[in-house]
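First chain written, first letter: the chains are A, B and C, and each begins at residue 1.
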Amino acid sequence: MAPSGVTSPIVETHGLTKRYGGLDVVRAVSLALPAGSRTALVGANGAGKTTLLAMLCTLIAPTEGDATIAGHALRARPAALRRAIGVLAHQPMLYEEMTPLENLRFFARLYGVTDAEPRIEELLRAVGVWTRRHEPVSVLSRGYHQRLALARALVHRPAVLLADEPETGLDPEGVEMLDELALRAPGLTVIAATHRVDRIGAWATGLVRLEHGRAVEDTASVAGART
Amino acid sequence: MNAGLAVVAKDLRLAWRDRAGWASAGAFATIAVLTYSFAFDLATGDIRPLLPGVLWTTFLFASIFAGGQSFARESEEGTFDALLLAPVPATVIYLGKATANVIAMLVIEFAQLLLATILFDTNLLSPELLVIVFIGTVGAVALTTLLSTMSASMRGRAMLLPVMALPLLIPLLIGAVRATGASLDLESGTAPWTLLLGVFALWSALLSVLLFPMAVER
Amino acid sequence: MIVSTLRAIYGWRWSVLPPVAGVAVMAMVLGALLVAPREVVEGDVQRLLYIHFSSILAAYGAFAIVFLASVVVLWRRDLRWDAVARGAATVGVLFTGLTLATGAIWGKPIWGVYWTWDARLTSTLILFLIYAAYLLARSMADELDEQAARFAAVFAIIGALDIPLIMMSVRWWRTLHPQPIVLRGAERPALPPEMLIVMIVAFIGVGALAVWLGVLRTETEWLAKRTAALRAAADRREGA
């Protein structure tokens, strides 16, 4: 149920398209997601969810169209946009030979987090990795990787979290933690691609369905603000 | 700036943690020098003219081999994407990796120079020679780091990397071998080899720094 | 304007280019064998000059196109230019190989050896290796892999910019080492008129042949990409 307020959207896309050769993987997707909204991105495998998220992260350049996140345009100011987003991808994106503490310290420095140490401790405790913070990531199990990846994604307090199937590899306790820290966290705007359709009711405020690259259903965008 | 130092520190730490990989490169270099000794019977006869060539071919192969595997981990773990996602300019990412690679290669090369000094009774640790090795290493590593970044996601990259890197590095090889020979009083002729080497190193570093962001932008 | 010229040339690939290339190459062969006089010192093997020299010029032209197309690939992200670069690189490698081969055949009776490490030969060999490596790198990647195309474009640009350094360093390297055999240059100070005519015909013939092959190869590369895209689209529709 999209909120009916007149808040300007924090994530806006206009005709976002990605074409490889003659193949349109994402086709003219236009969204307008308000701040604080939590959008579930659903669709079959190959529908374009991952590519759409990758474009929003600035990892892939769009063939056509543009997007704005927290006021920063994708094409014009990608670096500023990156500060405002946290990314939880298929891979945890962690350095295996470094410890959780070293990993988070590195990412905190990269993002210029000023209160790094307290923030890192807060996050590591919240994801349940604090007791194992001095062990190299390679000895931790997959579930811990995902938890640590969440900490990495949130360490710099992003305005928007982009997640690709974040429930993967998490036990029920981990899923609860995911909800608490991310999917239902106050003040955080979330776009999460997910196959766990059963859980959407628990956290999402809106839904966007992709089919063959097109957005065929959209209950997340603010009506009237879409172009 | 702080972010830049963080990247360099991270790469140095990873190089240290992953020292098994670099140790393999060092072992490869040692085996190569020893293999040349047997193949060319370097212990007898006048071997000194062959030494610069032996050393530099070994250094180049080791740098290609080591550079390739050091980048492969970042690509496999997906952490390269994490770096691209950070509000850090791509150039900084490149400089971090290149700096760590140069330092690691210098360590390996120093060990080889020490070994060769002992085996072949020739002083290879003179300041002049060390400067030549430094310049040559910077020039070679700048390109091999760029190429290994690019080929990290390709199949068959292990064979592809030397095939792509070596033709590009020929001016460096020619210059470095002759400059090394000149410092050992082996060369006649008056071409300014060290100048060629320096020019190539500068060209290679500048071009790599300029092209890296374009290469990784998707 | 450039793009419309290129489009025109592409349009000629089955109409104008084949007859021009065919006729001119035949004229070159006949001219080289019958019209051009027998060279006094080197004999009949010197008749290879026409194809040898035209081939290397065609190759240089092709490599220049690889460089320019690669720059456009990075700038515009348009994979059609990647197809152009691959087509041109194939032609360049082919004609460089032809140059080296005709040079070796020519060299044996004249110099006594098939190969000598003189500056020009060595630089040409390195050129061959660089663009062969480019083609190898491209062939090992997926057709639709935009990233691989960008990487190859960067490699092609580095390679092209390296060429002056390579030629300079190789020349310094070889001039300080006396040649075992005294070489005579491949050019004469002045060609007699019959030879000049055959040479010009050879430029036209080999040039047209190179352009034609390049265009065909570019088309093949582009069709391969289209096919891969269609196949991927079909897979997705089948719910893969």
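Methods note: a contact is a pair of C-beta atoms (placed from the backbone, for glycine too) under 8 Å apart; a residue touches a chain by one contact, two chains touch by 3 or more.
Just so it is clear, the structure is predicted and the values come from calculations on it, not from any experiment.
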A-C or A-B - the one linked by more C-beta pairs in contact: A-B
Closest chain to the centre of mass proxy, which here is the mean CA position: B
Approximate Å spacing (C-alpha centroids) for the pair chain B, chain C: 31
Rounded Å distance, chain A centre to chain B centre (Cα mean): 39
Where chain A and chain C are represented by their mean Cα positions, the distance between them in whole Å: 48
Residue list for chain B, restricted to those that touch at least two other chains: 217-218
Chain C: positions in contact with at least two other chains: 146
Numbers and ranges of chain A residues touching at least 2 other chains: 61
Residue numbers on chain A that touch chain C, as the complex places them: 20-23, 44-46, 61, 63, 212
Interfacial residue positions of chain C with respect to chain A in the complex: 77, 79, 143-144, 146, 225-226, 228-230, 232-233, 235-237, 239-240
Sites on chain B touched by chain A in the complex: 2-3, 6-7, 10, 13-14, 17-18, 73, 77-79, 81-89, 217-218
Chain C - residues contacting chain B, complex: 74, 126, 129-130, 133, 136-137, 140-141, 146-148, 150-151, 154-155, 157-159, 161-162, 165-166, 168-170, 172-173, 176
Chain B-facing residues of chain A, complex: 57-61, 79-80, 82-83, 85, 87, 89-98, 102, 106-107, 109-112, 136, 152
